[in-house]
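Two complexes follow with chain A in common, the first pairing it with chain B and the second with chain C.
Moving on, here comes the complex of A and B:
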């Protein structure tokens, strides 16, 4: 569907470097990375809104690199909606139809029904809530029957309740066969919506793959940090043993190639307890240095006697019943299988 | 007295000094004018033709500025490049220099001895002591007023709105005329008003390149120098009335109906 070949963009303060990607028809493809990674620039490059320093963009097998945005049949929805403020909702939605070879009114009516926009048609965009504006922006984009829908953090500016709604709409639009490419900086969003994901940072593609496999096996430190793998330790590996820089020995679930590698352990795989958990687990004694609330859970940060900083994600209920407190001595443990070698 | 009210009163009383500084002399002009002379001035052919000339030459200058200045303003609002601030400073130069100096510069550039002036003269358009000269002088002093206002107006239009319009199938000119221009409309009209008002009130630059035919400010000066204050005031009152009238009408037009994009 979309093929990017060595795509490069050269701005004064930023470069997107030789990026290659393939996105299949009907896919819900996510592009993630920290802010300033170049995600929006990548989307705008696909849409033809950025001049390329090099590389090619193909859509449906057609090389569109020399084509202006209006001839690529790619629609774009921004985080801040970008509705036309001088037109009412209906005119916004229908604006692109005048350029369509075969304007399909029935299609527009279906969109208006799907996104529940009928009561809003006569309203001016500035009177709408964020969620309503984003639905209008979606309808406007889909009205021209694009071959791909590009979404630039469409959920970020919305209240949580609207976010749920819009997430459902996006999933439904995708089930209808539309190829979606969505930029996000939230890996939770990626897990709930995407089929495949590309992680970029500093204008460089770090990893592409199935969402779950990227989540489970991040390719390097920057991807690991992005997917929330907070415990990262450089170590030298020999068989199923890994010795960290601080001298601690960890047991691996299965033998890995020897050498200097990075170990990653997810905070949710770490258990904090008062007793030594037994020899089958990796266990380190240390002091809790801080407890940080994260939604329905807490992050307990421990410094071990060997100087390792271990972060555990603990459910609020477990934390309260277990009586874990800052300053206390505990055991942090995790199974050898939860140690990932990057 | 509540603190916030006291603060507001303080600011208002300080600011009212300047308001008074504008309104007092202008009000005095109206109060102390000899209204029989004002009335007779409105039948005076010389006064009427000078007023009319002021209006249309300033409008012509503004039209030319809008034609060339709108793309320039859009360019400045959308592009960032090395030397941009120098370019913007150049545009503002006419505000900085004395208007008589501007007049001399324009006169030298368009005198029959200079290439541009020679070309125009050979085509039958003499820039010296002509309507054309007045327009050229007005343009020089009015450019920054329109270009600055138009640039700020385009700044306020989100580039992403324009980008979305492109992806919906619109070409660049279509987006410019259907999205950017209507959204910048208020600021553009206010730039046109400022540019026109600057032209109507111009004296220093015009008097150097074209004392005759007379525009209203030249006529006011001429009457003042020849007959004194009493006979220059009626023309001044007439000019103020015309300017204020135009100003009010254009402001109402600019603030009025926000016409929707009618065509679907």
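Moving on, here comes the complex of A and C:
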């Protein structure tokens, strides 16, 4: 569907380096990375809004690199809706149709129904909530029947309740067969919406893959940090044993190539308890140094006797019933399968 | 009644203190008398006053028409497109923003006087001749502010328009339309500059009664002659003109936003 081949963009202060990607038809593809990583530039390059320093963009098998944006049949929705303030909702939605050879009125009505915009048609954009404005922007983009919908952090500026609604709408649009490419900096959003994900940082593609596999097994430190893998330990590997710089020995689920590597353990995979877990493998005693609230969960940070700093993510209820407190001595344990070699 | 008699008849409370306070009283009386006579000149339909107003409206209308006709497209091009020498051109336009009116008057005079290259058109001491000078004053304002309005437009808006299929003229008009409030402001600022200037009108119009005498040149002349009240009448009319214009702009903006 979309194929990027060695795509390079050279802005004065930023470069997107030789990036290659393949997005399948009907896929909900996510592009993630920290702020300033080049996600929006990549999206704009697909849309033809940035001139390329090198490489090729193909959409539906057609090389669109030399084509201007209006001939690529892609639609772009930004985080800040960019609705026309002097037009009401209906005129905003129909704006792009004036350029269409055969405007499809039935399609517009379907979109209005799908995005529940009927009661808002006569209203001015400034009287709408953030979520409503974003739905109008979506309808306006889809009204021109694009083959790909590009979304630049469309949920970031919304209240949590509107965000949930819009996620459902996006999923619904995707189920209808539309290929969606969405930029986000929130991995939670990626997990709930995306099929596959590309992680970018500093203009370089770090990893592409199935959302869950990138989440569980990030390719390098940069991706690991981005997906929230907080326990990262440089270690020397020999077979299924990994010895950290502090001298602690961790057992791996399966043997890895020997050498100096980085180990990663997700904080959700770490169990904190007052008693020794029974299995002596990957169990470390230490003192809880801090407990940080993170929404419905807490992050318990522990420093082991061997000097390792282990972070565990614990549900609020589990933390309250377990009675974990700062300064107390506890055991942190995790299964060998939770130890990923990056 | 002579001015001194009126001052004596005044009820100014400061007078009892004597000395400087008495002088202050005379000034206040003089000012209030000027305002009273000024308003009476306006409402009695004094032909000289209204002729100056008519010339001002005709002149500013003509110069603004030419300014907006050339200034908005050129300002748009200056803000929208990238071309070699753009920053130098911006610098030149910005410099012309503060050009003294008498300097413009001097140069245009040289061009349209009998010995100048445009002498054959006999534009000196005519409203079109004055309009040339005022256009030169107003054009940099409209150019610079329109260019800034276009430059400050959100690039994402242009990108959105492009992906929705807009191109060419439609893209230009849509971008202009989104910056219309700033462009309107540019027009009002330029209008303020042309209606308030004296140098160009005096040098190129010659301040000829019934023909090229504008509100500002009339104020200068009448004040010089000691006809303070006529000056005030004209000043009040100029302020009213400015108020009506700004009210109209704010009304249009409110309507546009509604």
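Definition applied: the second predicted complex is superposed on the first by the 339 of 342 C-alpha atoms of A that agree within 3 Å, B and C clash if a C-alpha of one lies under 4 Å from a C-alpha of the other, contacts with A are read in each partner's own complex, and residues count from 1 in each chain.
To be clear about the criterion, a residue touches a chain if its C-beta (ideal position, glycine included) is under 8 Å from a C-beta of that chain, and two chains touch if they have at least 3 such contacts.
Not measured: the values here are computed from a predicted model.
Visitor: Once the shared chain is lined up, is A:217 touching chain B (first), chain C (second), both, or neither of them?
Guide: Neither partner.
Visitor: Touching A:94 in the superposition: chain B (first), chain C (second), both, neither?
Guide: Once the two structures are laid over each other on A, A:94 reaches chain B alone.
Visitor: Which partner does A:243 contact after superposing on A: first (chain B), second (chain C), both, neither?
Guide: The answer is neither, since A:243 touches no partner chain.
Visitor: Quick check for you: in the superposed arrangement, does A:291 touch first (chain B), second (chain C), both or neither?
Guide: neither
Visitor: Give one of first, second, both or neither to describe whether A:84 is in contact with chain B, with chain C, with both, or with none.
Guide: A:84: touches chain B and chain C.
Visitor: If you lay the two complexes on top of each other, which residues of chain A touch chain B in one and chain C in the other?
Guide: In chain A, positions 44, 47-49, 68-70, 72, 74-78, 80, 82, 84-86, 95-96, 98-100, 140-141, 144, 146 sit in both the chain B and chain C interfaces.
Visitor: For chain C, which residues count as touching chain A in their complex?
Guide: Result: residues 154, 156-157, 159-160, 162-167, 170, 174, 177-178, 256-258 of chain C touch chain A.
Visitor: Give every residue of chain A touching chain C within the complex, in rising order.
Guide: Checking each residue of chain A against chain C gives 44, 47-49, 68-70, 72, 74-78, 80, 82, 84-86, 95-96, 98-100, 124, 126, 140-141, 144, 146, 150.
Visitor: Enumerate the contact residues on chain A facing chain B in the complex.
Guide: Residue list for chain A touching chain B: 12, 44, 47-49, 68-70, 72, 74-78, 80, 82-88, 91, 94-100, 137, 140-141, 144, 146.
Visitor: Of all residues in chain B, which touch chain A in the complex?
Guide: Those in contact with chain A are residues 80, 158, 160-161, 163-172, 179, 182-183, 258, 260-261, 263-264.
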